[in-house]
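Here's a structure for you.
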Amino acid sequence: MPASMPLNHIPPEIRCALDYETLAPQFIAAPTLAYIAGGSGHDQTVAANRAAYARWAITPRLLRDVSAGHTAITLAGIAMAHPLMLGPVAFHNLVHPGGEHETVRGAAALDCPIIASTQSSCTLEQLARSAGPQRWFQMYLQPQRADTLDLLRRAEAAGYSAIVLTLDAPIQVASLRTLAAQFQLPAHCVPVNLAGYTPAQESAVAPGASRILQGVMAAAPNWDELRWLLTQTRLPVWAKGVMHGDDALALQAAGVAGIIVSNHGGRSLDGAPATLDVLPAIRAAVGKDLPIVFDGGVRSGADVFKALALGANAVAIGRLQLYALAVAGALGVAHMLKLLREELEICMALAGCAHIDHIRATALFHQREHHVNHD
Amino acid sequence: MPASMPLNHIPPEIRCALDYETLAPQFIAAPTLAYIAGGSGHDQTVAANRAAYARWAITPRLLRDVSAGHTAITLAGIAMAHPLMLGPVAFHNLVHPGGEHETVRGAAALDCPIIASTQSSCTLEQLARSAGPQRWFQMYLQPQRADTLDLLRRAEAAGYSAIVLTLDAPIQVASLRTLAAQFQLPAHCVPVNLAGYTPAQESAVAPGASRILQGVMAAAPNWDELRWLLTQTRLPVWAKGVMHGDDALALQAAGVAGIIVSNHGGRSLDGAPATLDVLPAIRAAVGKDLPIVFDGGVRSGADVFKALALGANAVAIGRLQLYALAVAGALGVAHMLKLLREELEICMALAGCAHIDHIRATALFHQREHHVNHD
Amino acid sequence: MPASMPLNHIPPEIRCALDYETLAPQFIAAPTLAYIAGGSGHDQTVAANRAAYARWAITPRLLRDVSAGHTAITLAGIAMAHPLMLGPVAFHNLVHPGGEHETVRGAAALDCPIIASTQSSCTLEQLARSAGPQRWFQMYLQPQRADTLDLLRRAEAAGYSAIVLTLDAPIQVASLRTLAAQFQLPAHCVPVNLAGYTPAQESAVAPGASRILQGVMAAAPNWDELRWLLTQTRLPVWAKGVMHGDDALALQAAGVAGIIVSNHGGRSLDGAPATLDVLPAIRAAVGKDLPIVFDGGVRSGADVFKALALGANAVAIGRLQLYALAVAGALGVAHMLKLLREELEICMALAGCAHIDHIRATALFHQREHHVNHD
Amino acid sequence: MPASMPLNHIPPEIRCALDYETLAPQFIAAPTLAYIAGGSGHDQTVAANRAAYARWAITPRLLRDVSAGHTAITLAGIAMAHPLMLGPVAFHNLVHPGGEHETVRGAAALDCPIIASTQSSCTLEQLARSAGPQRWFQMYLQPQRADTLDLLRRAEAAGYSAIVLTLDAPIQVASLRTLAAQFQLPAHCVPVNLAGYTPAQESAVAPGASRILQGVMAAAPNWDELRWLLTQTRLPVWAKGVMHGDDALALQAAGVAGIIVSNHGGRSLDGAPATLDVLPAIRAAVGKDLPIVFDGGVRSGADVFKALALGANAVAIGRLQLYALAVAGALGVAHMLKLLREELEICMALAGCAHIDHIRATALFHQREHHVNHD
């Protein structure tokens, strides 16, 4: 069955945000979908990210006044209408001819900040012209510092208001499912942002050296590179890919503006824990002040609620934006965000949380808390 | 396969109360059944309510004398033959042309108190004439206080002996399963009790305001409205929908006669905990004196026994009454209640509990209590 | 497919004791098998009994000398070649024309004590003539004390060396699976031991009284009856059906010779815990001295090992004896016992336990004990 | 479908080490595969060994410098390029005509030490000529001490550098799956190493003695035999089959060079715990100094990482070497080892462990550690 072209309306089958994932196979060719949906290796972490939400229930509370309620937050000094962001995802033109232009127009309609990926289908300058005012730029450290600086200056010039430095994916083993689907990146998917830069090359490793440890990892970021970068820009820099409290503390000490708890959507280390499972310990480690954005398997407003309750300040949407984009372009993206927001508001209303900072761990019920006092 | 008409006898396939659910698909059209069986969203809480019972076993005890045993209780001063009630369920004429008249006749035959729903197929006055002496009236706060008062006065005049105020469902997201089944409420299902009252209207929300928090929730009850209501009647008022000990304590302090631990049968917040899972903490919070009625997935006398052991004083039957009604009308309802009561008595006899107040948490065995002393 | 007649040889498919259960459907008609395999209600406790063994692993130990090892035990002063018994099971002629005569000959060949059921296909006197010297007699208290005494005197006269009083099954709700299979007890299955005795009759209950609590339970044994019985015989009396430490303690104080931890094979209270799950607490309650026989789902020598490790002194085999009987008569029963004993010996050898009393809880590994010291 | 002959190239379907197991059914006849893959009895321990890995996740760490990283270790004074070994597996000619010669050439290409099995298809002297310099010899104590000594002297003479004494399999009950597959050891699979030795014979047991405890176990090793053996060679002696900390301590006291935590791949006591589950307690018992090699279900570099984190110094590969051998001979074995090593290096790189001794329990996340501080 060939994939359908994106619709110019919302199909009636879409009743909740998750339905965009359910409908996606009608709009995305199977190999491409395998590439998008897959993670790394046996997709264990992809599955773990999703499974973690079911360990928590949300406790309904009664009679609380939410008439002055809203979802607005301030994240590292920035006012946001709601705690949702679009996370960085590569090559939106894989699923829609309009690519990122469609996505960011949908986001802007819902006042949703976006984090543009370095690996976008269009240049960061082009993307900026379509995007709303709240746009961040995700980047990897380039093999040459000059190229890193050029990318940074271009992002500053294009009005991006924060830098997200991805730290967690120096190695990306493909999903076996994706390999089995024989997905090939189409010719029109080119990282145009990096045109002219020195590409990352696998180092020729000395005899007896490791293709991984001395080869692939030669290009991996380290603390020195991070500290250097932090001296090169006045934009706030966020560190993406944090999965341990000690790393969060060290990043905080190094001066990042905030962290993004992420396992790269399960696309880096297959067998990494679910992000929701490590979130509470990370929040406990850093205390209340360090801003935390969270991603990993979010498909509903209830998922957003749980991540906020367990320590996140905001939540980034990954694959779901591509599914919505594939189904109905900018309209789909906007509608998906609206559904997520309303689903979150329903959870807030029924859990008696008028504001985002009322959403705490005490609002959740762990599914194994079956205590009873034996009398 | 078209749904069969209700029988005028008990079919031989009915060997336990749960069998009424098993047989229901033969007597209720699929879309209607989806509406009745479904909860909210992905029916997670519907499933959780049922799954919770399996976490507990009932420990058999030996040689105890139950010859003077009985199931009678006193609930908030009212003598009851057994700790079973029929909970409020809307529009019984969905499954039986006789509607609530059949149901309450079946209940009266087993001395089972009923909680009439505001959303009944007939008026509360008509229902009262068919019902036995033990009848409570469930209501929602109406948009206009005058209408609320009118409803209250009518219930008082019709001889209802208690008011059950439903607090937990200011928002009811439909079950996706129900939506997929394309169920439509038939034309003859009309909330006749509310004829002439100002209907609940979604407030027109100001620009930038939330359709949920400022719109739908504008009609939600709050503490002021509850306190007002408590001043307007001498009937005992029960609060339905309690899922947290702090809410139970606050309601107790406000002066309710008792609480009903309920998550609206999973029809309000999808992802709420199972009622059985939160019951022990609620009982622990309020101590021994506040009467607690419990509902949520009860399908057998063993389920009733477990709820009583974990803190409930009585148990309300929800969907199962409609299934019994659909299968065999008043006779089915009466038989279902008789089966539940006998199943409860069998548990009592084998667990050595002659009276309902002998049923304590110590009578249960948690399925994960596999301790052993290593010598 | 009609059920095959019992073989006069061991079929090659039998490689372990459990295989008798696997092969049984070829030798027992489906409705009869449903009756034998079924428990009560939804067979929850039948399943729980089996599932409990998988929670424990057996830790292999090295280099221990078992050259003087053996399985012999002394149970309440009686020397036994191994800790296996055949528990009381009704009407062996359901699966073999030779009935109990075949079974007990098979048991005698393996020096296995048997507990004859009151509900045997032949009289206890006939059974005694076929049985080996180690035979106990299981009985229920009869409605008339005179009949109870007569049964007791007959058992004494026929050389039974212990009395097993079944306490746990005053109510036996049929398995729904068995009801669905429409099993009927054949005409030749008659409790010949009880011929001439006043049958148990359901008391006519007074208006308003309970069919269960005042009806069925009127015939239930109580502490007075037990104490009376203990004064009427010099034979040791064992109490069967213990599931709680407090009952075990009270029985010990009343003077029983030992207890049988049993939930009647899941045929009494559906939803009772697994016997293996309650065994450790019962052993902890009574200390080391009270002899405990255990039953409930034993199908392998490893199951026997686990029950011994968790507190049992000996283990009674229930359904498996009927399966072996159906497959190959006395030969099958003997072979099944030989397999169980050798499977037990293999566990002993590999766990380094030369004698039965070396089998302790420390020989087991709980499948959830995944501790690690974080350094 | 007849099994294919081994390939002389790596098939493209092999993308990770585990894929050799996935592809094996194309290259190994079903009965032979059942024999290799099966364990003992119902294969419970085979399944447990595999399932244990999923209880642990690996926590990604950021920005650590692994540029000087490597997998080299020193094991009991021996320098190894990586912590992988090939464990002893019988009769490699079951799956490849070249037998062990192919296997050890593959291992040598990856500098992987091998543990030659006594039950090899060729003599230990022949095997030594094909093998690389790091070769250990696995043996069982023979019925005659003279034969044991002869085997030992031959291993010393052939340049084996360590002796692995298998202690855990005095009894090997066949897998029921293997029996059902009717596998027969082919005529060309003969333990040529033992030609001329007195074979192990089941002792004729005295009347009343046990075929297991006095028969099969008569040939089992005991502490005296172990202590004697330790006096007969200057080679380091490793004890294979340790599953309990007390046994590890006693072996350490007796003077073994190290231990191999193993349950014989689930081929000895069916129902034994997973090796990964008992490893932490064994390491805790013996402290840091005693070298531990680990086996049991290792199929990936992540599995290796987890075993190292929980206390192992090195990891032995069992069945997977036969699968790789069957698919592509020496080349397959070498490739499988290369994949395992790179998978391990990827875990090290992403977990921020530059060296093997950085891999500690703190690098893992237990899948049930879902703590949250309720505020």
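Chains here go by letter, A, B, C and D, matching the order in which they are written, and residues are numbered from 1 within each.
Quick note on the criterion: a residue touches a chain if its C-beta (ideal position, glycine included) is under 8 Å from a C-beta of that chain, and two chains touch if they have at least 3 such contacts.
Note that the structure is predicted; figures quoted are calculated from it, not measured.
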Fitted rotation between chain B and its twin chain C in degrees, CA, nearest 5: 90
Chain copies touching (chain C, chain D) - same or different residues, decided at half shared: different
Euclidean distance of C-alpha centroids - chain A vs chain B, Å: 42
Contacts with 2+ other chains: residues of chain C: none
Contact graph of the chains (line, ring, star, complete, other): ring
Complex contact set, residues of chain D against chain A: 15-16, 54, 57-67, 69-71, 302, 342, 345-351, 354, 365, 367, 369-375
Complex contacts: residues of chain C adjacent to chain B: 41, 44-45, 48, 52, 55, 167-168, 170-171, 173, 176, 179, 210-214, 216-218, 220-223, 226, 239, 241-244, 246-247, 250-251, 263, 268-274, 277-278, 280-281, 284, 310, 360-362, 364, 366
